[in-house]
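Before anything else, here is the set of structures, which you'll find just below.
The same subunit A turns up in both complexes below, where it pairs with subunit B and then with subunit C.
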Partner chain A sequence: MRLPTRRSPAVQPVLHGATWWTNGGFDLRVGVQIDGLAVMMMFVVTTISLLVHVYSTEYMRDDRRYTHYFAALNLFTASMLLLVVADNTLQLLVGWELVGLCSFLLIGHWWEEKPNGDAALKAFFTTRTGDIGLLTGVIMTFFVVERATGQGSFDIMAVNEAALSGKVGHTLLMMTALALLLAIIGKSGQFPLHTWLPDAMAGPTPVSALIHAATMVVAGVYLGARLYPVFYEGLNIGGGGINAMAAIGGTTVIIGAALAFVQDDIKKVLAYSTISQLGYMVMGLGVGAWTAATFHLFTHAFFKANLFLGSGSVAHSGSHHSFDMKKSMGGLKKYMPQTYWTFVIGTLALTGFPMLAGFFSKDEILATAGESDYQFFKYVGLAGAVMTAAYMVRCIYLTFFGEYRGGQPDVHGDDAHAVEHGHDGPHESPRLITGPLWVLSGFSILAGYLNAPAFGIEKFKEWFEPRVAFPETLIHPEFKMADAATAVVVVLIGYALAYAYYWPKVLPQNLSERNGLARAGKTFLVNKYYLDHLYTNVVVGGIKGPVARAAYWVNQNVIDGVLNGVGRGARVAGKFTYAVIDQKGVDGAINGIAVGTGEIGDATRKLQTGRLQFYALMLFICVGLFGLALWLGH
Partner chain B sequence: MLLNQFLLLGAFLFCAGVYGVITRRNAVLVLMSVELMLAAVNINLVAFSAYRAGDVVGQVFALFVLTIAAAEVGVGLAIVLLIYRNIRSSDLDDVDVLKG
Partner chain C sequence: MDWFDSWGLTLVVFLPVVGMALVLLTPRDDERSLKGIALATTLATLGVAVGVLAKFDYDATSKLQFEVNKSWIEVINSNYHVAVDGISLPLLALSAFISVLCVVYSWNHWPEPHNPEGLPRVDSPARDGDERHVRRAGPDPLLHLLRDRPAPDVLHDRRLGGPNREYASIKFFLFTLFGSALMLLGFLALYFKVDVDPSMAGMQHSFDIVALAAAGGSGLVHGTQLLIFGGLFLGFAIKVPMFPFHTWLPDAHTEAPTVGSVLLAAILLKLGTYGFVRIALPILPEAAKSWAWFIGLLSVIGIIYGALGCLAQTDMKRLIAFSSVAHMGFVMLGISTMTDFGINAAIFGMVAHGLITGMLFFVAGSIQHNLHTREFSRLGGLLLQAPRMGWILGFCAMASLGLPGLAGFWGEFPAIMSAFSPANGLSEVTFRTYMVIAAVGTVLAAGYLLWMLQRVAFGTVKDEFKDADIHDVSTTEWIAWTPILVLIVVLGVYPNLLFKITDGAVVQMTDAMTKVIGG
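So, the complex of A and B:
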């Protein structure tokens, strides 16, 4: 059922700006646009960033580049805020690139080990591929406004109004939307450019929390929400069926969740989980669920930060700085009860356990997809929910249950870390780490109640949904018990499957070792769909090999030939210039001037006798002559 | 009213002053010649002031010139005295330390 959208009187965003520079009579501006969406993002960014800073003071204690780390972390937050408050797409682009730079610095924080540096480069270059789309898209927004009003502008409000005005050709809007979608794919880890995100785990864990929850990857979703009218009109989102944005998001939901099953590294499980959840957000935007998608961004920030910081806590105090669940974790529940409970709360919120944050936000995306003409994506989302529930239970089992696999405590008796703490073996993290975990757990439980249609609360929509320059026909679904029940059942099935596999061992174990099909599937997943092979060997290798050789041949024979010809011609011309023009013409003139000056100087130096009275005489003679001239002239 | 005679007197005194400044070697005599030139100017000022009956600007100007001239002679003689103390001479041709 479609509810008529009830709107309060339009509230204009707060706009302040100044001219950045003027070019050919056109003002390029810099300024802030504060509306509900920006306020929501500023809250998320600053809250998570604060908690990550507090956490880092303990986690990064005694780091070799402690100050560099915090400087980059601060710049990261500042760049994200610059992006969030931007009132024009050009300023947004600046913030966007700064965010990318900071993630490069932080992922490569321990660059002495080569894999970390490689991961930083990979993150930078992969997102740069998407940035091509952003640059193109930003330039195109200028012309979108020009088509609508006759005067081009990068102003975000103007772009949104122009997109909705109906005066802009659909092709231009579609190309703009697709270019910007490429930017989202790169930045928000969407298929097929998601490969940098798991590698980005090379950075310190608090950085991963910040990247995944508040700053880097949500920038793409924020771009989608910020310029939503462009996508809405350009991709014809109101039309139903299928569109590029929803398709990309839906694909990402499934492929991200599938990859999370075969990871042994706890942070990589969470990384693929983020990819999958970002897929939900992009899919939500793609099916017209603007409020639900941004709401999911909001709640996801808290529980994903919670989970990442929790995994950091495990590595910090439980597993001797290893993130391998199968080798150095297991059975940590009894050693780290606080980390365990906060991690469980985060997991329940992420998987959409009833009455926790993820339940409200994820269900709203699915409900909107169901209400509009995007039935297919509702089922994609439900499938994703089963997988999310299952891989998170697997992750909890491997980390906190079973036997501790990190070696006997006495084996690690000489461990520097153990000596530093005065005792050995796994233990609970200090309060500077558990404190932020509990705060985030609180948010993971409560954040969902901002928008819980089940209880008639729609504060999120009321506060944060734009009322000007925004599509009028968005759907806000009513709460339906059947939908919610389906979602809950689906999540419980996910839990049950994983529980059955890991605890009582009722399901067949080690299927992949006995069944060829299962083994092939697992190999495919372990190799991450061979996307890295595609990028490294086919794309990069292709460019390095034949393309580079061909370019070299062209360079040697064609370009060099032309250059040599030009060079020879230039040499002849140069000789002529030297002999005739320079030596005879220019030098002659200059020497003449110099000789003339010298002769005049020789003549006049005789007047410089150094005798004061001679000077006085000259003065009087001159004055006399001057007076004579005046008198005669009169 | 006689004007030409006064102007001729002023011109004569001025030329005598210039002649003195250019030809005398003794610094004191040069200073005196400068005073002579100033006196010539004063005569001109007073003459024109009297010529334009009722206009006292020229006379006031002359008074100022006298005052400034007195100060100038004071400073000038002090300089001559110091030069004499340093180089035992008041000959202007000997004061050529700035000559390149």
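So, the complex of A and C:
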């Protein structure tokens, strides 16, 4: 009953479910929805998770909390799969939060050092801020279905069908899409909530590869792909021009790539690169390139995991557990040939070198943008491609070329290992590390051939694109030699610029030290656009500091002040009643005024020993007033 | 077994009173007997409660079960009328359950050991018993006098608590009495003004909740309804506690012994919210509808304000106390929407908050027991010194911030959701604004709880406690805590365990309200 349009039985989603909870007289279900998209994600998650586990057995050997590490890693994998197979948005939300928890645990794995704990908290808070959108968005998906069918539901198929049915008001769809977009911004490191992702590099490197490059951070993109009809209708993606999703994605492409140029930490280069690449995916969804965006998600997972694990290999065996390219690396090519070559393959795939994975997926996003009414974003993508090529060449140069700059063992999180093995110089990593690197390099080369229109292959689209409850007007661009050529030229320009700067040093060096404008630009970048300053000091610091203190001051002084005032007032009234009216007035009339002051003192002391009398008094006053009001009301 | 049907509830209510009497008769230095009696009584009570759970007909949760209706004070048509339905059953179970665990915990956490004033268990069974009176589906409102008898609470705080306990207990007492006075007047007004169905209640005037709810406020002009509701509102809102009637709570928690805090958070606070669900809303639906925007407003203020209050704390226990204000804000938001979704969420939230916050107070108590401090500036590195306790704290913090998959989520999410589409006649714009504010509150909750976790559990041990003799979770603590931890997970993974109990009764109640307020 949930699948009115049946076109091709072969791609019918497999649905299973059971009652999860009951509310308002009807059942809400928990279940699985296995379709092409889910299968694709399951393949990515399980494959990379396996490789990361293998890699970690060596990388995390002798870690202070080896069991915790693997427990959290497995909980992560389970939660991610829960998210992927969810057949309703609420279950997706559950998985979403659980992967956030695992991310928190693993970023803060070495919680003894405060910066790691800070990074973990920052990641959790920032994504939680985005989750305001997820929470409200998921709630609204329920009502989207209610508007279309009369009966609310979180069911993803039902939501998508309702969004496409034309029976739901555009405002509601737009609000839903915007709320969910906020969730994507938080989880998938989009501008302006991307700041947690570079800090998340405080966690162990395999975690960065698995969670903060290949799987968890693409959960946002997955959400966008899963509920695509909601975004498609709500943001009017088919209409061309500009929309929030494409704009956010496009901004992130450039913002992230620019920051990658000024990082000295190799993992942070890769983190900003990830932000930039996630920007491509979100932009792709925003310009109607569903297949291209999910395809890029697929290929990116492999080559970015490859690069992260490569950087871990460098730190593990080449740079005394430091990730600082300028201080501890350089010239590692001859010591670590396998790491070097796999890193180069990953880089070529990422930058879009012809015939490698990134070339096919990234170009498809650009081609779709070019063929639809989103010309502008095609140029954004091309600009991003130049920058990607350049910063990755810079990264390779600083790590693998030049003179070896590593000195004494540097204290980093996983230092215990270094002492035990008595490293005395850079060397190649063991097979448990290089093995996964080669496997991922293989994927980095081959993954793109799932969808290579140039060769007439469109398997990715055929296998993974939904056939039911999906916008029918999506564009699938033809392969155009001119587009491909442009992309290749752009990438080569990027390589050439970086090469010219670093190897023959023909471009002006140290520009930022001589030119004020360049210096200002660099300072701006080094300070990460001052966003961290804004969030940490102004927003969080403000709420935690002055705002919270002010609220507490109100609590202690205003509210309790009123309360204590009432108490004191009652006491004064009581004293007055007793001392003046009762003792002086009533008693006075009988006994005269010859009452010793001591007696009054005694009486007053009695009153002060317990305040119950005053409460009782208040009680009667209140009851009296209330009774009066009732009587008058009658 | 007919005998159990008619005596089960009475047993569950009065067994703890018997326990109290026995404890009072036991010499105060005979610690073993005191503990033994307390444990035996609470276990027996739990046993009866389990019997009620087992015999409860889950296919008819909207029906009053185990009903006893005997004439009590004939001249005012007041009956001894007790029963349970899907709304009260979870709270009955929670009360019986938590009491046992509190006694178990007390086994090795005897406050101020061998202090002649240390009579920690004198009051608790009595308190639980009193509360169960109010938990009945159809008790006589006059019984509320029994509940508000102040002595147990005062004793509770004054004998055993912290340095400022006099102020705290007096303040609590003042608040409660103030609210109760108005509530009592409200009940009297209901008695005299509402025309109940004589075939149901025997006379035209009655205190019977069932009869009053069936009348739905008929015979009252709107202005009078509003006034009466205002009186009830104050009585319940103080107990919840809602902003701005909450300031007794942090003080009471800060001064109370651990078990006192657990009982306060897990059981006592629910009287207020339960009162709204059971008494205020069904009896005066029209007034509730007029007041709903205001209750919703105070709820979301409480959510944000409670979170801000937490962020300003330097004392771990006081932080947890303030978090109750925020959590009960979610519960009250659900109630204020007057929808089945919101009220189901509220009942789930009551149970979840009872388990999670109770558990947090247990952990805070054990930390204080070990280190004799709760100041964040002195804590740190708990995960190094007592890793199990540290992870339990982390688990509870996650549960408390509403992590899906744990119980807290199911109190929060449907409550927030219900605000999107409140009952007919309530302003959608207003409540959707509340929805967004409440969603922002979940971020702040993550903020203060993780911040607490970081300062207590992460980092390294401070120098002054480097050589401290720290005990990780002890056997009695495991016995007391494991059931709560398991329940937090079980209810989080399969929330239907609770929703399927409450839903029938809640739907029946909201349907009845809809008939009155229109829809």
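The rule we apply is simple: the second predicted complex is superposed on the first by the 518 of 634 C-alpha atoms of A that agree within 3 Å, B and C clash if a C-alpha of one lies under 4 Å from a C-alpha of the other, contacts with A are read in each partner's own complex, and residues count from 1 in each chain.
The working rule: a residue touches a chain if its C-beta (ideal position, glycine included) is under 8 Å from a C-beta of that chain, and two chains touch if they have at least 3 such contacts.
As the structure is a computational prediction, the values presented were derived from the model and not from experiment.
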Legend entry - Chain touching more of subunit A, residue-wise (subunit B, subunit C): C
Inset, instruction - Using the superposition on chain A described above, determine whether A:549 touches subunit B (first), subunit C (second), both, or neither. - result: second
Inset, instruction - List the residues of subunit A that touch subunit B in one complex and subunit C in the other. - result: 611
Inset, instruction - Spell out the part of subunit C that touches subunit A in their complex, as residue ranges. - result: 170-171, 173-174, 177-178, 181-182, 184-185, 189, 193, 221, 223-224, 227-228, 231, 244, 247, 305, 308-313, 339-341, 344-345, 381, 383-384, 398, 403-405, 409-410, 413-414, 416-417, 420-421, 435-436, 439-440, 442-444, 446-447, 450-451, 454, 457-460, 494-496, 499-500, 503, 507
Legend entry - Partner subunit B, residues of subunit A touching it in the complex: 608, 610-613, 616-617, 620
Legend entry - subunit C partner contacts - residues on subunit A that touch it in the complex: 19-25, 90, 93-94, 97-98, 101, 104, 108, 111-112, 114, 117-118, 121, 124-125, 128-129, 131-132, 135-136, 139-140, 142-143, 540, 543-544, 547-549, 551-552, 555, 559-560, 563, 567, 611, 615, 618-619, 622-623, 626-627, 629-630, 633-634
Inset, instruction - Within their complex, state which residues of subunit B touch subunit A. - result: 18, 21-23, 25, 30, 92-93, 95-96, 98-100
